[in-house]
Amino acid sequence: MHANDDDDRMTRWEQRTEVPLALASLLFLGAYAVHVLAPALPRPWHVLCLAFLIATWTAFAVDYAARWLLSGQGARFPRSHRMDALVLLLPLLRPLRVVHVYEAVQRRRERPGLDLYVRVMTYAGLSALLIGFAGSLAVYQQEHTAPGGTIRSFGDAVWWSCATLTTVGYGDVSPVTPVGRLVAAGLMGCGLALLGAVTGSFSSWLLRGFAREDGTRPPGDSPGAS
Amino acid sequence: MHANDDDDRMTRWEQRTEVPLALASLLFLGAYAVHVLAPALPRPWHVLCLAFLIATWTAFAVDYAARWLLSGQGARFPRSHRMDALVLLLPLLRPLRVVHVYEAVQRRRERPGLDLYVRVMTYAGLSALLIGFAGSLAVYQQEHTAPGGTIRSFGDAVWWSCATLTTVGYGDVSPVTPVGRLVAAGLMGCGLALLGAVTGSFSSWLLRGFAREDGTRPPGDSPGAS
Amino acid sequence: MHANDDDDRMTRWEQRTEVPLALASLLFLGAYAVHVLAPALPRPWHVLCLAFLIATWTAFAVDYAARWLLSGQGARFPRSHRMDALVLLLPLLRPLRVVHVYEAVQRRRERPGLDLYVRVMTYAGLSALLIGFAGSLAVYQQEHTAPGGTIRSFGDAVWWSCATLTTVGYGDVSPVTPVGRLVAAGLMGCGLALLGAVTGSFSSWLLRGFAREDGTRPPGDSPGAS
Amino acid sequence: MHANDDDDRMTRWEQRTEVPLALASLLFLGAYAVHVLAPALPRPWHVLCLAFLIATWTAFAVDYAARWLLSGQGARFPRSHRMDALVLLLPLLRPLRVVHVYEAVQRRRERPGLDLYVRVMTYAGLSALLIGFAGSLAVYQQEHTAPGGTIRSFGDAVWWSCATLTTVGYGDVSPVTPVGRLVAAGLMGCGLALLGAVTGSFSSWLLRGFAREDGTRPPGDSPGAS
């Protein structure tokens, strides 16, 4: 997640492009949402949306190429930046970077030692929201015209996303097209990770609580015991 | 969850209003339950229930306003007390405060160092019960007359709540109305948190067990190893 | 889980009754299984099964009463032994004690410091097996003659138990009767606990792995860091 | 997982057979996949596949026997190598060894102290992929001709595997045959373990993060607190 700070130009590039690219990724998501959810818009609007989509995606590709060049890592770059390549191929995941930026801004404004739990939960929550919205859009686009499909409205798609991300999985509505199911598999994986983040936060919060309780005991009574 | 103790008047207010407000929130839940589950009651009873609902909600609003004033934090109060604002908007979540009071009372009566696991599990269990009951009521109210719905009786709603809170999610009955699904999404989130609490408790219990086992080894044999 | 060792007579009673009661609880489960799964048996066999059920349950009740008396705790005993009261009311949970005995025997035979992970996983696995079997029996008995039910054979009931205990919850078969759903809610809770045990084991296993890795670093390099 | 290093011949045997057996297990999976997914192939191909299956399985059996002999443990070997016996009986699980080899190779090539999280996540991810593929094949073979079944194509089987391994469990498609449900129960267990691995990784990653944060505080401020 964190860029290596060994290269000054790389760091400067990332600092300068971080906010514009985050905005671009939100624009990407917005343009995609308008394109998918408002089919009744006149044709020029859809052309505009597609132009936005292509422009922002090009910006992502340029950023990836620039960072590859600046890193000076050559062929090792794609290996050590797999997440970036994934985000380049699936630009709907790109808005996750916004979470990163938001979190960094928050950290600067508030006290630097902001509780790690709050950060992780904020990160997980915002990521779940963005991934859920992007996943709903993608699944809705694939499914709402599929024969025999059960996801007929965008509301259905959002409802299905919630049930998937929390790993509840009612199955009252579920994708039937191959692409829809591929997106669904991705969402399931995100749900697993979300569950892991929530559980891990609770677990470590509890362990910290225990450690603090132990701290009230007289020292020497196995203070490193938890 | 814990009020800042920096302000004496704030602390006094909270100590005095804690128990009455907890009782008021149970009254709120009870009045809502009677209103929803007993439609055959004569009309005056329903008017009484609604009066109770409005009166208790007003009490919550007054409490929120009083604490805002007493805190002396001005515009920062809503930001640092988001949970309170949420509970004010969704008063069905308010009975969770009862869990807080019950837990505080228990702690005073029994030994203060009551095992944190027991406290967390009690908290999680009682919260799940209250949220499940409130969620069942809200979903039942929305769904039992919805065309094409599958939640027909309050028993169905409770059954659906159990399957949702444990993230099992059979989907044999599931909400179909937008409001019902919104409540369901909230319940799913609670289920995720419940899972996190249970898992985290187990995880930290195990780690404490390991630490205790390590403690029986001769010291110097990496006592801080867990 | 562990009996207080403060009372010698209590400890002796528990040591002497542990194995017979564990066998009795397995007999209970076996007699219940025969009664439920073999309705075609001639009537005397069913009478015998019921006699077994009543006899073993009486033994459990006698054991509970004896331990209450021997504990010398008076009215505090039910509060501090809630699990025992639960097991007395739901004797199908009683075989879980077998797991306890099995685990204790294993510990005596093998090295005492048997890995806690292995113990927890064995405990969780055997408990899941026993609870799943008992739950399948109870649900099958309730559901296989219910109008509109989907659990028609014991195989269906076992399949449903697996999906419930792992919180997968397909919902292709699911209970429809109130008692069946009550049992199901219990199984869901056990599934949640099972998930917690598995996750907690993994989590602590990983943390121990990290601690061991850190142990290879030079000491003084934050040895208590994990 | 790790072989005991106490016996040189055993270690040498394992070092020499590790890679060939891993390849053999992939061949096994491949031959099984061809056999199941290409029923239209001419008969000689299927005979070849079966020959491959038998040959590789024989190799696994020979390896098991050789290691039993070389271990010099006699009757205790099956008890202490239960995983190996399981893999021998269910050779579709054998490719999991490939994950082991891949991970070992990676460790040799890269820095030895490769982050344990990355290793666990890689291990869990690859295992989920292989188990999901093998499970999909087995379930597809059982179900696609079953009367009343819902898993009709291999795509359905893969979709069902994803929903099962992540414990989402939509239930829109689900196995109906006894063998298919047995495989499904195994997949559910793997899903539980996968969830445990993901959650445990997150949890320990967070705890390490906390420990590192605490490390930046002045020493003496409860450095062993996490």
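Letters A, B, C and D mark the chains in the order given here, with residues in each chain numbered from 1 onward.
Just so we're on the same page, a contact is a pair of C-beta atoms (placed from the backbone, for glycine too) under 8 Å apart; a residue touches a chain by one contact, two chains touch by 3 or more.
These are the chains along with the protein names UniProt gives them: A, B, C, D = Ion transporter.
What you see is a predicted model; the values in this text were computed from it and never measured.
**Student:** Where are there more C-beta contacts: A-B or A-C?
**Tutor:** By number of C-beta pairs in contact, A-B is the larger.
**Student:** List the interface residue numbers of chain B (Ion transporter) and of chain C (Ion transporter), divide the shared ones by all numbers used, and answer same when the ratio is over half, different when under half.
**Tutor:** Mostly different residues form this interface, as fewer than half of the numbers used are common to both chains.
**Student:** Would you mind checking which chain's C-alpha centre is most distant from the centre of chain A (Ion transporter)?
**Tutor:** C
**Student:** Where does the A-D interface recur among C-D, A-C or B-D, taking recurrence as more than half of the contact pairs being identical by residue number?
**Tutor:** So the equivalent interface, with over half the same contact pairs, is C-D.
**Student:** Considering chain C (Ion transporter) as a copy of chain D (Ion transporter), what rotation angle in degrees (nearest 5) results from a C-alpha superposition of the former onto the latter?
**Tutor:** The best-fit rotation has an angle of 90 degrees.
**Student:** Which integer distance in Å separates the CA centroid of chain A (Ion transporter) from that of chain B (Ion transporter)?
**Tutor:** Those two chain centres are 29 Å apart.
**Student:** Distance from the CA centroid of chain A (Ion transporter) to that of chain C (Ion transporter), rounded to the nearest Å?
**Tutor:** 40
**Student:** Residues of chain D (Ion transporter) that contact two or more other chains, please.
**Tutor:** Touching at least two other chains: 163, 167-171, 195, 199-201, 203-204, 207, 224, 226.
**Student:** Under the stated contact criterion, what part of chain B (Ion transporter) meets chain A (Ion transporter) in this complex?
**Tutor:** Its residues touching chain A (Ion transporter) are 113, 116-117, 120, 163-164, 167-171, 174, 178, 181, 184-185, 188-189, 191-193, 195-197, 199-201, 203-204, 207-208, 211-212, 215, 223-224, 226.
**Student:** Which residues, counting only chain A (Ion transporter), touch chain B (Ion transporter) once they are in their complex?
**Tutor:** 155, 159, 162-163, 166-172, 194-195, 198-207, 209-210, 213, 222, 224-226
**Student:** Spell out the part of chain D (Ion transporter) that touches chain B (Ion transporter) in their complex, as residue ranges.
**Tutor:** 167-171, 199-200, 203, 224
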